[in-house]
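Presented sequentially are two complexes of chain A, the first with chain B as partner and the second with chain C.
Entry: the complex of A and B
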């Protein structure tokens, strides 16, 4: 006798449909599970046996063999429990319909269904493979329902699942999560930040063009608050981007912190004691996505940037360039998206008061140099904006007037600027592609399997512009060109510095609604260079 | 008079047979012997072939009777099952191994029975 049920394995963000086969043979009763399983799946024997009995069904006292096919794909985790139980029950003669249906979930000994991680990426892949219906534990229903064209049913227990599938007590389909729902910590409203006109302008530019930003200032000057305010300035994610972000969070089992359907970009602020694997991804065994992937499409805030060990910051180089991170493993590598906006906050020097108006810095020169060299050249070069965040006077912090400029108009400007640049940059990209016949390097790639469509290249924000495209996008006015030439001479700008200035200028022009980069935009951009602290 | 341990075993077997029949099982063989060993009771429970190992004790001083079935014994029982199935051409029949523990009092009357179904499974 032979029966099957469909479940899913994960390799990175790509799901692989797994057929759970059950067979009854002659011989003494026994229960064996094969198919490159890990310990958790072997332990499923105990869970499934107890759950089936406690659900009121008879566990066949026969020689049972369960195979998770394809057998050469390594499998781990407890998500297969439900499929194994159903396959065994079908094998024992129960009439359960599983046409075009897949099931996921861990079984408790009392037959209730427990949630598992990674349901969203699994659901996407299953749908792409032709599955029309998916049964999941209650807590996983919201994320699974985000996948279009997939009927998701939330089952609280094994018997509920069986009675649904045999038609005797069907369950209703689960609704997708609320897109309006936002995480509890919604960040800081820009209007509640006092003063810091200069820094707020920098935030607007950073949000407008997706630029990385470094804030320098004495302790307690408001850098953290500003970083959180930046996250709230970023425009909403597209539904596709939201799905991508939620898939990564699902993999980390972090969706309880973030409603799956929310369109707000993520904000992550790891402490500087974080491990390398925690930051970029990895870990022993299964390669988990790191903070940079959780922050993809949002903000990665590194407070106390100079406290981060240098090797850790170095690990950011690939993702800052490629907008993705590849984690190598003995059995093949996994690539996760890492299209984050980096926001760094640092003191200008170890004591924190370099450049302060009233207090004097008492750091030695050697100390100062060592401190500033923590952030290496290549990482530094990827930061388009450097802005001082000085101590504010009492009058600024506690003024008579109400709030400063509220966030709404700023957000609107940012949104408009983004819309313009995405359109323009995409046009330029298409034109170049047809001209050269080459495809530009794909960014932010997800591991794909047959059936899942690869994502569009990472958003065409100004921060990603380079080389020829950058110049074409800027199309500087004659006055701007002159200024650029003079500045290049006077300030001894490197090629990278030129690019940085141009990218920022392009965003400033977009914020002002100009097609061409003019002198004013370029002039302002030059102020954000911030080579070294004086 | 036979030695006490023999009399205990004998009383146990009689009680075991009564118990098994009382449970609705049909006894196919008792004290089935083979070169490898012997099976206390072979019975049929519905469509399942059941090999029953009987362990009778006087008092629980030396542990519960069921606990006397150690690893070596279990392996032997598995092999005996295969032998019986082969010799009676019942290889395809669903089967299981039960352990029947009996506690006897001084008068060799049964005071407790513990019937463990499916006590020994496939390795």
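Entry: the complex of A and C
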């Protein structure tokens, strides 16, 4: 006797449909699972045997072989339990219809179904591979139902699943995810932040162009609060983007913290004691997306940036350049999206009081140089905006709040600026592509290897502009060009600093609705370059 | 690029500065890079490595004024005040002498490589240590006695209580040189050393022309009396009549009104732009753009912490044009 059931394996965000084949042969009773499996799948034998028995079915007392095909794909985790159990039951003669149906879930010994991680990306890939129906554990139903045109059934247990599939007691399809459901908003409303006039403007610019931001300020000046406020300024994700973000969170089994249908960009703030695998992804055993992928399409906030070990910061280089991270592992490599906006916060010096108006910095020169060199190099090159955040005593300074702008108009400006730049940058990119007939490296890198997830579009924000495109997008006025050459002379800007200033100027002009970068935009951008002239 | 040959001058040979004989422990030899050590009265300008914005400005302008009057500026090429004094001298095209505490072929601090090259081209670099000697903490006090000996007068611009510049001042006093100190606020411990020097009998230096108190400098400095004040002139609003004879005021008057009003709020003490925005009711965008304009024109300088402070733009015609530092050097 021979029977199959369909399940799914994951490589990064790409799902690969896995056929679970079961064969019963004459011989001494035994149960073997083959097909490049890990420990968890070998242990499935005991779970499946007990669950089948406790569900009231008979476990075949003959020579039983289960193969997970294709056998060359490495498989890990407990999501195959349900498929193995169903394949075994079909093989033993039970009449279960599994046409166009895939099943996912871990079995408990009492035959109830336990949730597994990565259901959303698996559901997406299965749908793309032609699967029409999917059975998942109850707790995974909401995320699976996010996938369009896929009938999702939430089964509480193995017998419920069996009776649903053989038609004796069908279960209702799970309702699609609710787009209105938003995560409990832990964001900080910009309007509630007092003072910090320049820092708030920098937040607006960072949100407006997707720029990475570095805040320098003494301890307790409100850097964390400002970073959260930035997340609240970012425009809503598109449903597609949200789905991609939720898929990553699903891989980490973290969707209980973030409803899968929410359109708000994520905010992640890992502590500096985090491991490399925790930050960028990977790890031994299961490959897991790291914090940078969880923060994709949102904000990655690194407080005390200088306290992060240097190798960790260096590891951020690839994701900052390519908007994705490739984690090499023994059995091949996986690629996760990592299109985050980096917000760093650091004390200006080890003691924290360099540049403070009232307190004196006690740091030695050597100490200071060593400290500041920590944020130099590749990461610093990708940070367009640097803004000092002074300690506030504004409750005294501002009896009225005329200068504290409410969040709504800022958010509107950000939204409008994003719309402008995406339109323009996309047009420019298309024109450039037809001209050169080449694809941009950054976009090419976004196509995941397995090909089962659709290639993600570049976000076309100003922060991604570079080289020819940047100049074409800026189109500076004659006065701005003059100012630029003066600035180049006086401030001795490096080529990279030059580009950073131009990118920021482009966003400032977008915020005020200008087609060309003018003198005022450029002048303001120069103030955020973060290099003090000697 | 090459910096020319390193010359070795044994004690008493041609080019040996006779003032070194005043030392109890005169060095046996000198190594010189660049021109010969200029003869005649020289002024040493020294101070702390970790200096305030104001201190650096004072050092730079002192250096510039002295060099413009043809008086060689001697200092230690250290970070902070020393470097600023050399830079000021070089900017006005005058002679300057850097005395090192390491071998002539060693650049310390390494970040002053450009400055070292400029000094070697426009002045001279001197040391008593043989080539290849690495810098060590105990070599700097030794070096300080040479700075003191080479100078006719010594100005300490900014020094805390424990600054190495105080050891230079002690050497100078022992050698009978005139010691000047730029006083600072009694609240600031960065001026504690200089203030104590004043209390102990050093001559307070409020403007470059105060150095005319030294007899042999009076003639050379006669030309700048009353002109080279160190204090930053109070900024004027646009439209205010410029005082005659002070060309610094003209620049402010040529600014657009908004920039001039902004400049009026910025003094020598660093201030945060948020305060300016609050005081002037300017949007942060507008304020940042105007500040950038002022910064590029040289009226304002950006400091750590995003603070800004008043700066005095280079005065066209007052000295020779500042040399564009070569990045390709070294």
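Convention: the second predicted complex is superposed on the first by the 505 of 534 C-alpha atoms of A that agree within 3 Å, B and C clash if a C-alpha of one lies under 4 Å from a C-alpha of the other, contacts with A are read in each partner's own complex, and residues count from 1 in each chain.
In this text, contacts are C-beta pairs under 8 Å (C-beta built on N, C-alpha and C of every residue); 3 or more make two chains touch, one makes a residue touch a chain.
None of these values were measured; they are calculated from a predicted model.
A.B. asks: With the two complexes overlaid on their shared chain, look at chain A and say whether chain B and chain C clash or fit.
C.D. replies: After superposition on chain A, which the two structures share, chain B sits beside chain C with no clash.
A.B. asks: Have a look at where A:272 lands relative to chain B and chain C in the superposition and call it first, second, both or neither.
C.D. replies: neither
A.B. asks: Quick one: classify A:388 as touching chain B (first), chain C (second), both or neither.
C.D. replies: So A:388 only meets chain C here.
A.B. asks: So in the superposed three-chain picture, is A:348 touching just chain B, just chain C, both, or none of them (first/second/both/neither)?
C.D. replies: Touch partner of A:348: chain C, not chain B.
A.B. asks: Examine A:483 and indicate which partner it touches, taking first as chain B and second as chain C; both and neither are also allowed.
C.D. replies: Only chain C; A:483 stays clear of chain B.
A.B. asks: I want to verify the contact counts: of chain B and chain C, which reaches more residues of chain A?
C.D. replies: C
A.B. asks: Could you tell me if A:26 is touching chain B, chain C, both of them or neither one (first, second, both, neither)?
C.D. replies: first
A.B. asks: Using the touch definition from the top, say if A:61 reaches chain B (first), chain C (second), both or neither.
C.D. replies: In the superposition, A:61 touches chain B alone.
A.B. asks: After overlaying the two complexes, what is the shortest C-alpha distance between chain B and chain C, in Å?
C.D. replies: Here the least C-alpha separation of chain B and chain C stands at 73 Å.
A.B. asks: Of all the chain A residues, which ones make contact with chain B and with chain C?
C.D. replies: In the superposed arrangement, which is not itself an observed complex, chain A uses no residue for both chain B and chain C.
A.B. asks: Quick check on the complex: what are the chain B residues that touch chain A?
C.D. replies: 48, 78, 81, 91-97, 117-118, 120-123
A.B. asks: Report the residues of chain A in contact with chain B in the complex, numbered from low to high.
C.D. replies: 26-32, 61-63
A.B. asks: Mind listing the chain C positions that touch chain A in their complex?
C.D. replies: Against chain A, the touching part of chain C is residues 49-50, 79, 189-190, 270-275, 277-278, 281, 284-286, 288-293, 295-296, 298, 301-307, 327.
A.B. asks: For the complex, which residues does chain A have touching chain C?
C.D. replies: 195-198, 200-201, 216-217, 348-349, 354-357, 360, 364-365, 387-388, 390, 397-398, 402-403, 483, 486-487, 490-492, 508, 512, 519-524, 526-528, 532-533
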